[in-house]
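Same chain, two partners: chain A is paired with chain B first, then with chain C.
Presenting the complex of A and B:
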């Protein structure tokens, strides 16, 4: 994903923008990162250079928790604990 | 009229290199637009109306990216492809690399409501609403929200035409032209019993009003 793409992205759930971007890994494009909606606290992963901004029902909890755990050092606590649609609160922070 | 820098048969050949969906799913009506129809639409948009060269183009429900990639091959400044199917977006990204347009293309695995900005041109090959009624209208409404010029394919038929025109007007758009085209749709999608069948579709060119 190119950084400039943030200019056109909105939260598909509540249509809010601008969204917040955190980059975990970057070469020519952002390889891994997280996009968050400050309004509803939804988070969206960037995996293999592709931003995934799907409705809750199309997201797989297992994969999403793997993502959160993998990058937990770089994800704000608020998202780790209160992020939607999945977070690490009930699961225990280290899983 | 713009000078034709890319020959139509050459464009068709390039677009044939764009791989279709590896596992199309019926409920999303995922079939890939043929290289010939894609080239016809893009050629009209580029050389008859000057809606592609140096423009920002978005393909809503882009599948594996044939229209967005074609737009860049014809000279679009930048193209954006958005599709709710991550697998299709992965394929689109790989297709863009293969056709060396990765630098000018952006791919988003998302609901179409994940974009908010305005674009010069919207390309739309929406689900015809055979599997899911009204699916095409959601796409059309979003196009009118974000697009200045819109190219949209719909099932042909007089009543459908009346309905779509009214729908567009209600959302502050104006149909400038309708072109009849034929599209081969695989059996899988429930139109018929043959392996593939040519169905008549209408390509609408629409002017939106929301763009300053």
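Presenting the complex of A and C:
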């Protein structure tokens, strides 16, 4: 994903703009990162350069938790514990 | 999943369509001669030119869709274009040539395999002005008033909530912006047995609206100057109904008064 596309990116659920971007890996484009909505606390992963802006029901909890655990050092606590639709609160022991 | 299920909940339809197109992305490899040629022939019959085909990554033409060449022809240098249900990226790449380096084309698709495939083509051929996102056309991850043109090629019929798709399209368009979409509609009523079939849904048929209903849905979202710019018979479905492929143009005008 190119950084400048943040200019027109909004939360698909509440349409809030602007969203916040944290980059984990970057070459020419952002390879991995997280996009968060400060209003509803939903988070969206960027995996393999692709921002995944899906609504809750099309997301798979298992894959999303793997993503959160993989990058937990770089993800704000608030998202780790209160992020929607999935977070690591009370799930710390399972993984 | 069952073959038929009466009144399908939206979620079930969506999951079925998503799974089906994921399979298509995985299995329809275009590296084998015959199928590539067949896809090229299909694209030519939809009104794309040989030049169009030369100008895009071959893997992005999967022989899907009903063709949207008029929309592409209308694009201008510098425009920001959004493709609803961009699949493997065929129209996105063609649009990217049209809008040039000062423009931008964003493709949205809910099928991960399709987006990955499109992204791979974009990287391989070093397209600078395209962007693919995993997302849902009923819930666009796009800011209000930010897009000049929305294109879509035979995708909206797959959505179980078409009104929402058009409302979202209206929301993200700039004032003066337009939709130039191609889709399947019916003339006459489809038999119950077809409406109920998941397979027919994924094959773009069961979800197709009657032509007038389709145009009404666009108007109800707020669009003005709604018109069919071209239409042709896609298939004779059965005795009661015909499937038509239509290209529709509509504008977002000033003010939000709805018709």
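In this text, the second predicted complex is superposed on the first by the 93 of 95 C-alpha atoms of A that agree within 3 Å, B and C clash if a C-alpha of one lies under 4 Å from a C-alpha of the other, contacts with A are read in each partner's own complex, and residues count from 1 in each chain.
Following the convention adopted for this analysis, contacts are C-beta pairs under 8 Å (C-beta built on N, C-alpha and C of every residue); 3 or more make two chains touch, one makes a residue touch a chain.
In this text, all values refer to a predicted model and were calculated from it rather than measured experimentally.
**Q** Fit or clash for chain B plus chain C once both are placed on chain A?
**A** The answer is clash.
**Q** Per the contact definition in the header, classify A:79: touching chain B only (first), chain C only (second), both, or neither.
**A** neither
**Q** Given the touch rule stated above, what does A:88 touch, chain B (first), chain C (second), both, or neither?
**A** In the superposition, A:88 touches no partner, neither chain B nor chain C.
**Q** A:49 in the overlay: touching chain B, chain C, both, or neither? Say first, second, both or neither.
**A** both
**Q** With both complexes superposed on chain A, which partner does A:10 reach: first (chain B), second (chain C), both or neither?
**A** After superposing on A, A:10 lies in contact with both chain B and chain C.
**Q** Once the shared chain is lined up, is A:68 touching chain B (first), chain C (second), both, or neither of them?
**A** It touches nothing on chain B or chain C.
**Q** Touch test for A:57: chain B only (first), chain C only (second), both, or neither?
**A** It touches chain C, and chain B stays clear.
**Q** Applying the touch criterion given at the start, work out whether A:30 contacts chain B, chain C, both or neither, answering first, second, both or neither.
**A** In the superposition, A:30 contacts neither chain B nor chain C.
**Q** So which bits of chain A does chain B touch that chain C touches too?
**A** Touching chain B in the first complex and chain C in the second, residues 1-2, 5, 7-12, 15, 17, 48-55, 58 of chain A appear in both lists.
**Q** Mind pulling up the chain C residues that touch chain A in the complex?
**A** Those in contact with chain A are residues 11, 14, 18, 80, 104, 106, 110, 112, 115-116, 119, 123, 131-136, 138-144, 146-147, 171.
**Q** Under the definition above, what is the set of chain A residues touching chain B in their complex?
**A** On the chain A side, the touching residues are 1-2, 5, 7-12, 15, 17, 48-55, 58.
**Q** Given the complex with chain C, which residues does chain A contribute to the contact?
**A** Result: residues 1-2, 5, 7-13, 15, 17-18, 44, 48-55, 57-58 of chain A touch chain C.
**Q** Which of the residues in chain B come into contact with chain A in the complex?
**A** Those residues of chain B that touch chain A are 80, 84, 86, 89-90, 93, 106-117.
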